[in-house]
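Chain naming follows the written order as A, B, C, D, E, F, G and H, and within any one chain the residues start at number 1.
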Amino acid sequence: MNIDELLNKLKDGKISVEEAKEHLKMLPFHDLGFAKIDFHRRLRKGIPEVIYAPGKTKEQIKRIVMEMKDKEKVFITRASEEIYEELKNIENCRFYKECNLIVIGKKEIKNRNGYILVVSAGSSDLPVAEEAAVTAEELGNRVRKIYDIGVAGVHRVINYMEEISKANVVIAVAGMDGILPTIISNFTSAPIIAVPTSIGYGTGMNGLAALMAMLNSCSPGIAVVNIDNGFGAGVVAHLINEKINSQ
Amino acid sequence: MNIDELLNKLKDGKISVEEAKEHLKMLPFHDLGFAKIDFHRRLRKGIPEVIYAPGKTKEQIKRIVMEMKDKEKVFITRASEEIYEELKNIENCRFYKECNLIVIGKKEIKNRNGYILVVSAGSSDLPVAEEAAVTAEELGNRVRKIYDIGVAGVHRVINYMEEISKANVVIAVAGMDGILPTIISNFTSAPIIAVPTSIGYGTGMNGLAALMAMLNSCSPGIAVVNIDNGFGAGVVAHLINEKINSQ
Amino acid sequence: MNIDELLNKLKDGKISVEEAKEHLKMLPFHDLGFAKIDFHRRLRKGIPEVIYAPGKTKEQIKRIVMEMKDKEKVFITRASEEIYEELKNIENCRFYKECNLIVIGKKEIKNRNGYILVVSAGSSDLPVAEEAAVTAEELGNRVRKIYDIGVAGVHRVINYMEEISKANVVIAVAGMDGILPTIISNFTSAPIIAVPTSIGYGTGMNGLAALMAMLNSCSPGIAVVNIDNGFGAGVVAHLINEKINSQ
Amino acid sequence: MNIDELLNKLKDGKISVEEAKEHLKMLPFHDLGFAKIDFHRRLRKGIPEVIYAPGKTKEQIKRIVMEMKDKEKVFITRASEEIYEELKNIENCRFYKECNLIVIGKKEIKNRNGYILVVSAGSSDLPVAEEAAVTAEELGNRVRKIYDIGVAGVHRVINYMEEISKANVVIAVAGMDGILPTIISNFTSAPIIAVPTSIGYGTGMNGLAALMAMLNSCSPGIAVVNIDNGFGAGVVAHLINEKINSQ
Amino acid sequence: MNIDELLNKLKDGKISVEEAKEHLKMLPFHDLGFAKIDFHRRLRKGIPEVIYAPGKTKEQIKRIVMEMKDKEKVFITRASEEIYEELKNIENCRFYKECNLIVIGKKEIKNRNGYILVVSAGSSDLPVAEEAAVTAEELGNRVRKIYDIGVAGVHRVINYMEEISKANVVIAVAGMDGILPTIISNFTSAPIIAVPTSIGYGTGMNGLAALMAMLNSCSPGIAVVNIDNGFGAGVVAHLINEKINSQ
Amino acid sequence: MNIDELLNKLKDGKISVEEAKEHLKMLPFHDLGFAKIDFHRRLRKGIPEVIYAPGKTKEQIKRIVMEMKDKEKVFITRASEEIYEELKNIENCRFYKECNLIVIGKKEIKNRNGYILVVSAGSSDLPVAEEAAVTAEELGNRVRKIYDIGVAGVHRVINYMEEISKANVVIAVAGMDGILPTIISNFTSAPIIAVPTSIGYGTGMNGLAALMAMLNSCSPGIAVVNIDNGFGAGVVAHLINEKINSQ
Amino acid sequence: MNIDELLNKLKDGKISVEEAKEHLKMLPFHDLGFAKIDFHRRLRKGIPEVIYAPGKTKEQIKRIVMEMKDKEKVFITRASEEIYEELKNIENCRFYKECNLIVIGKKEIKNRNGYILVVSAGSSDLPVAEEAAVTAEELGNRVRKIYDIGVAGVHRVINYMEEISKANVVIAVAGMDGILPTIISNFTSAPIIAVPTSIGYGTGMNGLAALMAMLNSCSPGIAVVNIDNGFGAGVVAHLINEKINSQ
Amino acid sequence: MNIDELLNKLKDGKISVEEAKEHLKMLPFHDLGFAKIDFHRRLRKGIPEVIYAPGKTKEQIKRIVMEMKDKEKVFITRASEEIYEELKNIENCRFYKECNLIVIGKKEIKNRNGYILVVSAGSSDLPVAEEAAVTAEELGNRVRKIYDIGVAGVHRVINYMEEISKANVVIAVAGMDGILPTIISNFTSAPIIAVPTSIGYGTGMNGLAALMAMLNSCSPGIAVVNIDNGFGAGVVAHLINEKINSQ
């Protein structure tokens, strides 16, 4: 049934409006509900709208936020105090200073089984780890954190073995040699989202060494997001956790 | 003195508690179950043992396989026909020619809700996509495949909208500009595991362009594995699907 | 007017089927003719379907060709003699050996004002230059060629000044230091599509040096395609020439 | 002895033909029109003179401008407010603050068919997009702009389908994954000039990821200029539009 | 149930050997001495705990230091005066200004045979050389220094031939072309730890040129640490010197 | 109308000075001697015409050679035995097998003061060193060679001190760490042309490590040509030697 | 006292021959014993002469060997069976096939305390590990090997804890993510020489990922040699072991 | 004859002091005049001592200068006004502000044939061009300068044809696409020393694009120094000019 037949049938009363809409959705190569699906996806699943602050004036950011704020949760990454000053009178606007993240929209509270675990290697990685943790929390997940796990040697991971093994998803944040996700993978069968950070110097190349180590891990079960992309890791972990909780 | 002797001596009063503690510290640590934990993790969760074939002789590979084969499922990636000839008399040895993968061990059949979807951009990406699909299938997952989705333009993705939107996890395989995962992410709230392939030329740089595009996707919800690493994507997708089905 | 109103009006006879179709096209966030537009664009404008041969078997290529051949012109780049053997019985199948290009579909003859000029620096660049020239010709453009222009020194360009200055578009193909497009730009006000080639060695880095020189040209008016991408340059030049001839 | 003297002497029989030829060879070559040709090309076609400000003092810039300003239109890219202060008393000197561009010379008004469309992905890309738009406008083209098209998902491009499909040339500006030009190419048969921007972080590598994605686009019809080179894109688009309008 | 309770119950016959083994497997592994082994290694051998300052607040650093200070020697690399102000009241806290290194813990005095030699090419390399020297000294080694050896030409190395030839280990610090370790290796049979520095410009690429030259030295006997990693070189040299003195 | 006709018409009063000027502008510029200047430069100074063989068929090469051979000396670099077979019947055609160089044209014998010295580090660098030496010799220079100078340690350079110090120019060829030119520079006040070779592995990166070391040499007086570009080094050294001998 | 005064004093009997020699050594900027020291260093300490085979003909290699063989031990790395055929009649010539190493000269037997440990991650790394082990053994060291330690998970390292902790030096060989040396460093206070191998694919970049991970290890005590440079690691370990045994 | 025999013979009057000196020079592997040669080379030939200022305190620089100033000419590159303040009371200390160069020592005046020509592409390249020019002048060469030659198009080079063609050496300074040296090479048979500058943006990569273009120039006769290394270019040009004038 092509579009003409479809519309003619509707006109002739052979099908109802509802049936016409159903068929329209099924027609090859197009989709009547295209954007709405996306809208639904975002709203129901909690994929946030994200504004990357660098390169934008606070006025530009405010304008974008005002357009979005009624329908969707908005995250502003790499935001400054100054931007927050501009936005703080907006309802439900929160500034997470440790990770330079502004979130606008109601904090969701969901009844979830299990938790997302955020693990970081050193305290210099904290802003990235926090960005991941806050993102996941703001999207309604239970989040646990183990920071500085690598401060005094890889073996200390063993102390947290149980907490690691029981997580639904693990976000592992590390700079320098990026070894943490591989170590973690020995203690859990949860999927691991690895986040390289730009911590380090010389051949660390602003996180490239960590990224490459993570992509080349000899231990399967690890997927990677961009350098310093705590927000992205938080969203991926959230999507996985949604699927787990939707069963 | 092994662990049994040690504990029996303590029980029989032949050594003190303090002496027992001292001896315990000296035991090879795996005796205490360490390695078994790992063994359990792998066996129960289905993380396969993997042998990367390049650089190894077929004799070396056979020797490694023989040590492992009783306890664990073994995958041999980037394997040749010749290696298969060496191994084919081993029980439960299968060769997946399209992706140069050998699997040894019983094919698992599990009762699963939902499926993993493997999507690829072009038919040149097929070996990598197949490696991902076979890996996931061999680990007991239901797998659906949509290949060549990008052959005649990005818009054709729309035809598969429903199948994409209902997957538990999507593995998106693409070379060249690596655009596929970002397009896919508009049609699903499932987590997406992106696999860059080395297909392309010039500044494609054997998959680096695709990798970088995927890591920098403006759409959140995508995590990435190494270039051409279909096996790794299959394992991550499997771990996620396990978690989903374990609820 | 939203989708429900629209369909109800049609059902109630307040608008005609044609009007309904027109409105459907105008609805926000979707498009009933999505794919068709693309189809038209390709067919009318002559953007060819392209199959990148490496990594595909000749059987795979044949299968793809058979699906496409009735509706669209098909180009197969980086093709081998062997692939041509597989395809040569298909109607209107031509093999351009110098540039490893197979074209399937009728050769278009169009009445065009002006020509596309393909200029190359050295005879090693010939396969790429030919790929550009054949692509443009097959799409119905008049094409002129000046090859080896750089063989004995940049100054020889001056001999061809007139031919260069009168072209509608110039495709400039060069490896090594990639200087040719910049030289050419002194003799024409036509847009220049620069194609770096992988000819050279050492720090030439398979075309990267030429690419970088072209992107950083001190002369404005140059845009660049991928290394060795003669096909891409041919298509861009064709699209420009179409626009020129459509006035 | 300048060219007039030389020819007059020959005419008057004071020197022989052979002597005249010898002298001609010795004349600075531009006396023979070489430079004038270039001058004509630039003046008639509107290729502007460009001064790249970084690394130059405002005094140096002023000196260069003063030499050029009578004969040609001058653009100063990456200029600061401070430089503008130095130059603002020059007749017809304009400062475009959003893109740090100073233009000196009369604004051209031309009667043109069609328009150049400038599309950008995010508001952080605005300075580069504006540089392209202003450049094209200053050279006498009609310019339309669609900014922030990628802010909330690639699908929103569909809203602008008609405007995109009718442009003479499209300039597509994007950072991060550089996906925009490829998406745009599905909606138009116009040539697309892609401009990667340095927006992003980590493996975005100051625009390299976007550049590579654009050069490796699976959709033909896209040519690329240097990272952040809005000016260059504006000039290429202008040259194409000139050719279209010259028919 | 901790390890003592467990063993006591076994001894008292309250649990069987089998039950004891089961429980042992469940204990956090470090209870069994795992971490202590590491502790012993560090304490006895003098491998210091290291805190990399960049990206940490002075408060974070203080907190970490307070946890560690009683048991172990702590080094804080890339520290600022400001951090020292925060920490200076801690007992045995020293600030080495030339190399931005803070050390906390008693300065060890050991009776050693032989010395570690730190050689640097230019005075710009001094902070890195000093970091290596101070690290080795603080760990109880005798250290000699020859700085600026390359200031006026490679041949001046000859003046220090004897001092070079008698060292137990040589740390050779150099930026730019990184030639120094190779020159040094002609005068000694001691192992050489090479430290590339980020001194230089252009293709020196912040130390990459020096690193690559060192890794590719035509003279065997050289091993390399990260760019600017004076601390790492000091530790490796110390470990070698410990082994030498332990015989 | 050629230049002679033009000037004769002016002389004969058939055209005015203004008309003559107009026509002069239209003449192909080389008619006015432009190309001849270049021709003279090449012929008198001995800058050879060079054909880079890779990517060209032997037939293409022969055709180019036939066009050039009467007026100029021709070098064919990276040539094969097979190409030589095609060309060997051409008068004065020589094949230098060790460096895959074909030279066509009479061997020049010039009366020169002083010599060009070619020094190489290892015997693997020999083909590049030979290409430099043969090029310089064929252009009429006296050439001396010291090969394998680095085989057993940098200090052996001293044995050749006198020969090094008296050269007019030194060509220093080296792979791996590229240290040789810097060492050489301690023994001569001649300009040094450094040639990195692609000998080595791993981080040697096909000559990049050597190139970077040479560009960053702490010893001034060294200029560099492309990796493996023995021919280029030979030409630069020849040009310098020409200038020295022209005084 | 300059050289003339010195020699005159000797001639005049004012100083003895011994005094003259002492003074000669003290003269600024030169050294009478320069090469001899080097000679002694090599002979006594066992730093072998090394010939890197690729790029050399078997005849060239033979010629170099014949010059060296009487005085020194010679290693030929990356040698082929064919080269061995050419050399096998030379006295004391051995071919180590697994690592393509030829050694010429008597196998040294030394009385040593302690051993060098060579550890490798996977069996693909075996050729590099063997090159390191054979090199160290041929130079007279006791060598122990633990190969494939990473085949089934990092935790298996624990089984070898004692052997690792007691080594004088550890050579740790690994490709892919290069994690092994960092793991090893938790079990020993011996210096670790890390050797990245080119095993892996994609972003492994022929060993670059492993190299970068090793250089950026969060565990101090590791120094690195070039990718695949087993020979170099063997020499560094030998030099350290010599120093240890010389006390 | 070894050193003992030699000295004994001298003592016994069997050889003269002159003969002894001659023999001393001939002794294997060493050289009595080693440093003096270097000393002579530097003093007579005017290779200056160079201090690279970044990373050094003004006190360190002063100390180094004081040690050197009596015997040699000293250049301090990348120096600041502040450093000059520290040094300006030293006799014969000059600050060249445009290129941040301090020179200490008498300005040499030499009687030279011919001149060194410094050509630069744009006024942003001026500091680097000036560094080259001042260096060459300070070493006693006649220097001519043509700056901004590329400001309005490559063709303007023709105006300076004669001046270019008559230079002894040409230093060509250019950023961006680095095309200038190649253009220049069409007008001269002098050797060309090319200096890439870090002027530009995006893929210009701080001079890498220019460097690569220069190394890959299709025109032979060009050698390259490090990015922004005007000093190095000045020294190489000086050494060439010395050789020319020494005939």
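Throughout what follows, a residue touches a chain if its C-beta (ideal position, glycine included) is under 8 Å from a C-beta of that chain, and two chains touch if they have at least 3 such contacts.
This is a predicted model, so every value here is computed, not measured.
Contacts with subunit C and subunit G are shared by A, B, F, H. When the interfaces A-E and A-B are ranked by how many C-beta pairs touch across them, A-B comes first. Looking for a copy of the G-H interface in A-C, B-D or B-C, one arrives at A-C, which has over half of the same contact pairs by residue number. Each chain gets one centre point, the mean of its Cα atoms, and the points for subunit C and subunit D are 23 Å apart. We define each chain's centre as the mean of its Cα atoms; on that basis subunit C and subunit H are separated by 49 Å.
Averaged C-alpha coordinates put the centre of subunit A at 55 Å from the centre of subunit H. The mean-CA centres of subunit E and subunit H are about 39 angstrom from one another, to the nearest whole unit. Those residues of subunit D in touch with two or more other chains are numbered 29, 34, 38, 122, 153, 155-156, 158, 186, 200, 202-204, 208, 211, 215-216, 226-227, 229.
Taken together, the chains touch in the following pairs: A-B, A-C, A-D, A-E, A-G, B-C, B-D, B-E, B-G, C-D, C-F, C-H, D-F, D-H, E-F, E-G, E-H, F-G, F-H, G-H. Against subunit F, in their complex, subunit E makes its touches with residues 121-122, 150, 153-155, 176-179, 182-183, 186, 200, 202-205, 208-219.
For subunit H in complex with subunit F, the touching residues are 28-31, 34, 37-38, 41, 44-45, 47-48, 50, 113, 165, 168-169, 186, 188-191, 193, 211, 215-216, 220-227, 229, 231-233, 235-236, 239-240, 242-247.
Only residues 122-127, 148, 151-153, 155-156, 158-159, 161-162, 199-204 of subunit A touch subunit E when the two sit together in their complex.
Within the complex, the subunit G residues that touch subunit H are 3-4, 7-8, 10-11, 13, 17, 20-21, 24, 27-36, 38-39. If you check the complex, the residues on subunit A that touch subunit D are 34-35, 38, 49, 51-52, 54-56, 60, 64, 68, 78, 196, 198, 206-208, 211, 226-229.
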